[in-house]
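There are two complexes below, and they share chain A, which is joined by chain B in the first and by chain C in the second.
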Partner chain A sequence: MRIERRLRQPRWLIVAVPAGSLVFAFFAAGLVLYATGHNALSSYRQIIDAAFLNSGALGQTLTQATPLAFTGLAAAAAFRMRLFNIGAEGQLFMGAITADAAGLYLGGHGWPTALVIFAMVIAGCAGGAAWALIPGALRAFFKTNEIITSLMLNYVAAYVLTYLVFNTESYWRQTKGFNASVFPTSKTLPNDALWPSAMIHVRGGIALPLGAGIAVLVAFLLWFLFTRTRFGFEAQVLGDSPRAAQYAGMRTRRKILAVMGISGAVAGLGGASQVGDFAHMLDADPNGLQKQYYGYTGIVVAALARYNPLAVVVVAFLIGALQNAGNTLQGADFPSGLVGVMQGIILFSALGGELLVRYRVRVGRTMPATEAA
Partner chain B sequence: MNNSLLVVVLASGVAYGTPLLYGALGELLAERSGVLNLGVEGMMLVGAVMGFWTVQRLHADTALSLAAAVGVAAIAGMAMAAIHAFLVITLRASQIVSGLALTIFAGAAGLSSYLGNDLNLADNPARHAFSAAVFPASMQRLPVVGPIIFGQNVLVYASWVCVVGVSLYLSRTRLGLNVRAVGEAPASADAMGINVTAYRYAHTLAGGAFAGVAGATFTLAITPQWVSGITGGAGWIAIALVIFAFWRPALCLVGAYFFGALQALSPQLQARGINLGPTELWANSLPYVMTVVVLVFVSASGARRRLGAPASLGLPYVREER
Partner chain C sequence: MTVQSEKDRRGADGAPPPPAVEMRGIVKRFPGVLANDRVDFEAAAGEVHALLGENGAGKSTLSNILTGLYRPDAGEIFIDGEPVQFHSPRDALDARIFMVHQHFRLVETFTVAENVVLGDHRGEGRTFRLRHRAIEQRVAELSKRYGLAVDPRARVWQLSLGEQQRVEILKALYREARILILDEPTAVLTPQEADVLFETLREMAVEGRTVVFISHKLHEVKAVADRVTVLRGGRSVATVSAADATLRSLASLMVGRELDSVQPARARTAGELVLELTDVWSDGDRGDSAVRGASLVVHGGEIVAVAGVAGNGQRELAETVAGMRRATRGEILVCGKAIRAGDPRSAIAAGVAYVPEDRLGTGVAPSLSIASNLALKGYRERSSSHGPLLRIGRIRERAVELIQRYSIAAPGPGAPARLLSGGNLQKVVLAREFSGKPRLLIAASPTRGLDVGAIETVHAYLREAAADGVGVLLISEDLDEILLLADRVAVMYEGAIVGETSREEADVEEIGLLMAGGQDPRAD
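Up next, the complex of A and B:
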């Protein structure tokens, strides 16, 4: 048996491998369930019920899928250029902090809702982009490995978030009222700063959050940017062969900064959507934003979508469904942690499947002379 | 004197730094062979839960239970590392994504939490734990060195042996030199007749074993109990520590104790009523911020090569494509 590089990647494999990974992951996770004495089939039926079929299930799935679409798009945008921005988690926190400040301030000063929301979107993008530009600038100017730096900044952002709500009387913290003096919490957004949602009247009503719409829009914009513009082409060349890009006179530094900025802005937008759409406060509760791992799961989403922005939206919905089922079902039949196990296996099989896309596995000893790559 | 801030912080710095040291030593071995494993946090957490499970369920005396627990933790860490090794060495997957996948799979929202909950390990203290009373009380009362050096548990002393062992292995043995060759120039190593695949597998697995022990340090010594996500990001600090230490075992020890001391600083300052601004914020963030700063220096022109980053770290080796 030998493994050789494919000269062309067949189109059908690009869809078949992620789909096969999903199937394999359910099979492998079934083995884990079976080995620990659970009935895999009934667990899976519960997952499907809780994710799609029960009353209100689709709405909750959308609640989980929306932030994952943002962090998935953030990862996809950067990973396409082989810029490994692992910092979507921290960038999302920063976007949430800035967007929350904008919502609290402008919403409290009688601005019209549309303007407040627009300002929150801009603030979220700016907060996320600024946080992402730290590793971006270090990479551009000092060639510092962005993987570790962006990751380290996740923890710093998490400490900042905790600090703002728990350890200081900051602008974001609720300081009035009896509850606030007993248990630290963040301020609730004024009504003018809440993001609207569109109701679809099926299955007990599905609320389509504004953030989900924005995520789809961003996905189309990114798809256009990366496949139809000179910018996207240059980013692709830079990712595939930095040296070739340099000889062709492309501006490496500028591109690194731009792509990291875009990636961070999209993650920050996810933070703004968290605040405006769902939490309506900064929410640094120990079981809040920091326990969701949206930033890290976004990498699963992006990898499974093979960094294609449009596919990210679809995958985010599926992984969001899984997350939602995990949250709802947590209990005896459905030990917490199972969702992470399944996500890990999905990612492992997608990664292993990459081999089939990039290489041809040939059984036998002869090798045609014409195919030497 | 032994109650002075400096001595207390240093003594707990050594204790808190020990899991970082084990994790970093393991990651150092893997990276020296050219494999970047970002799954340390996940491997640590699985080691932590399996070590704790062994202590709770094995009916044996303290010494035997603890020895078995450390062994089981190491094997659990190795099993996790084996997934990463298979994906990146045999299947040539991206080391970065695979390592992250390992942390998601095994980490605080994954297998470690699944196992801990399914085996009902939460809410019970460990039946046996590593005691800090290895040396006689008179020695522990010695000024300064008493608490810092003689007031630690067996895992701390074992980690010192590991530092010396790994250091000698990499610099003084034939096998260790081969590892470095594999990490620097796998094609040349292959031409010399070194089995690149075998070396990379062996050292990735060894890295997993160290990470497993690092996790067990949490559940059997630092806080002898199990809660989900007990390592709290120590795995990531361990990865950073390897860079911080310029891929040298002895410097890993210094860095680990420094980061450990930072962790101990904030509660100590609070307990003594010393106000140095937002301590929780800066003392907790400092290890991460310092890693970023050090990385910038390490990556500055030419320094990276001089300071010892393995030249083919993160790159798959494919003989046909060399």
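Up next, the complex of A and C:
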């Protein structure tokens, strides 16, 4: 048996291999379910019900999927250029902080809702971008490894988030009311700063959050940017061969800064949506937003989508559905770890399947000279 | 010392001894290529046997099979008449078959002696604690006996390429190699160094070893080999005695047709000054000065060649002129205008086209499409973009047109560049560089690794560029190529231009001497 490089990658393979990997993943996860004493088919049935079919299930799935779409897009934008921004997590926190501040301040000063939301979007982008530009600048000017710097800054961002709510002097902290005296919590956004959602009246009503719409729009913008513009062309060349980019006279530093900025801005937008769409406050509970790991799961989403922004949206929806099902079903007979195991198997088989796109396995044997001649 | 096996049965019966190496009907397929197609090869003990062929003829594949790196799809190998099967390079080493690769397999931070014992699993190499003194002594003895001067205590990164090659040969001698394969060993040597190498190889053959010498240079093959096996298109076409063969007959066997060796005369008009270098200095990758006060001029319409042994600052000089490396001192004027140091875009804007030595790493973005690579520099121009937006359709149309005009063999404009062969990749680079309407063309080793057909094409394009009034700065380690193309030859040694002559006055011996750091004889 030999493994050979494929000279051509047929188009159907690019669809067939991920689909095949998914089927394989469900099969392999079925074995795990079976081994732990579950009926695989009924478990899958439960997952599908909890993710899509039950009343309110799709709304919950969208709640999970929206932040994953943002962090997935953030990772895809940077990874495409081989800038390994692992910091979407921290950039999302920073975006949440700045967007919350904008919402609290402008919403409390009687600005019209549309303008407040617009300002929150801008503030979220700015917060995330600024945070991402720290590793970006270090990489551009000092050739520091952005994987490490962006990862470390996630912890810093998490502490900043906690600090801003736990510190008594903080602008974000709720000081009035009974609850606030029991446990530190942040101010709730005024009504004028809440993001609207579109209701679709099927299966008990699905709320389509504004953030989900923005994520789809951003996905299209990124796709356009990367495939149809000079900027995208340069980013592509730089990602494939920094030497060739320099040779062609492209300004590498600027491009690194710009791409890191865009990546951070998209993650920060995820933070803004988190505040405006869902939490309506700054969630600093160490077991809350910080335990969701949206930034890290976003990397998985981007990898599964092969860094294609449009595919990110689809993958984010599916992974969001899986996570939603895991949250809903967890209990004595459905251990919460099971969904994690399934996610792991899916990722593993999808990345393993990549090999089959690029290589083919051939079975043959060495023949003596006479037979060959 | 004789290393030939004495226990051979047929030899004892009085029949002629079996060849030291025999390969019969070797077939090796790679996806899309039949690299070896029923190749037969045999070499006797005590001979220098040349393996001659163009790039892609299957020489490297065959030697990789003999050294156990590849396993043949079909065919048999006999060592001293015994059939063998190599499952790994280790098996081949155990049969005392050793290869000196074109790119040396040395650990740069180790000393010469350490490299020599590395991987040896007998004697000294096997002990837990290295007895440096004893090994160094043994290495020193070997290097003295075979005239392979190198300090056993020196660290490999401190050595020149020629010295590193000697370390590789010492490694083989230390392990008592019975069959030594050398893959294009003269590529990194000056003519004088090559002569010394040939003497060593002859001596090794006299001792009863088998030396397999891989080359595509005819005069070398003729000079050093006893017999020559010619490979063409993956097949063995002939085995001839070197003494009976002529350069012409070898060439026609190798290429399959008679080569046109007559040079078309070229009407030459020295145009205006396109490049003027005055005392240019720049740093190498290790931070030391690689270019040390180079001064040179190139006129429009002429080809100026920079000759030199690899590593004397030629690559850095090319990069400095192309703006990819910052000049620390001196002045670079292109058509009278200064280039901003270390800014490739300013060089491109001034009309500098650059065919880099490292095609795949620098000249193209390998995973991107051919169309993208053809637009790598021109994407900023009006023809390819509209403000910040790319004109995808135009870029594709242009690619189709260039693919046709330069007859690039490609599946289509959308195929990734890395799928192209070396020659076609170079055509992509040339097509792009010429379409930028340059004033100065820097070509760094533009034919390295290409086969004869592609080399002719590249040469034709360079001549054509010069005929169109472009000044061509050709950087090459191949003296034959330089003498074929250049109007003027400048020799670079240790970062400076140490001599310059016109083609008419050029003398190979003299250039070789300058390349090796000898004085310019006319300076005395």
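Simple rule for what comes next: the second predicted complex is superposed on the first by the 360 of 373 C-alpha atoms of A that agree within 3 Å, B and C clash if a C-alpha of one lies under 4 Å from a C-alpha of the other, contacts with A are read in each partner's own complex, and residues count from 1 in each chain.
Definition applied: a residue touches a chain if its C-beta (ideal position, glycine included) is under 8 Å from a C-beta of that chain, and two chains touch if they have at least 3 such contacts.
What you see is a predicted model; the values in this text were computed from it and never measured.
By the touch criterion stated above, A:229 is placed in contact with chain C alone, chain B being left untouched. Of the two partner chains placed around the shared chain by superposition, chain B and chain C are both touched by A:4. In the superposition on chain A, contact of A:176 is made with neither chain B nor chain C. Of the two partners chain B and chain C, it is B that touches the larger number of chain A residues. In the superposed model, A:84 makes contact with chain B only, not with chain C.
Residue contacts after overlaying the shared chain place A:159 against chain B, while chain C stays out of touching range. When the two complexes are overlaid on their common chain A, residue A:243 makes contact with chain C while staying clear of chain B. 4-5 are the residues of chain A that lie in the contact sets of both chain B and chain C, per the superposition on chain A.
Put simply, chain B touches chain A in their complex at residues 38, 83, 87, 91-94, 96-98, 100-118, 228, 233, 236, 239-240, 243, 278, 280-281, 284-285, 288-289, 291-292, 295-296, 299-300, 320-321. Taken in their complex, chain A has these residues touching chain C: 4-8, 228-233, 236-237, 240-241, 243-251, 364, 366-373. Of all the residues in chain C, the ones that touch chain A in their complex are 24-27, 30-32, 38, 71-76, 322-324, 343-345, 347-348, 354, 356, 358, 361-368, 372, 375-377, 379-380, 385, 388-390, 392, 411, 419. By the touch criterion given at the top, residues 4-5, 32, 36, 84, 86, 134, 138, 142-145, 147-149, 151-153, 155-156, 159-160, 162-163, 167-168, 293, 296-297, 299-300, 303, 335-341, 343-345, 347-348, 351-352, 354-355, 359 of chain A touch chain B in their complex.
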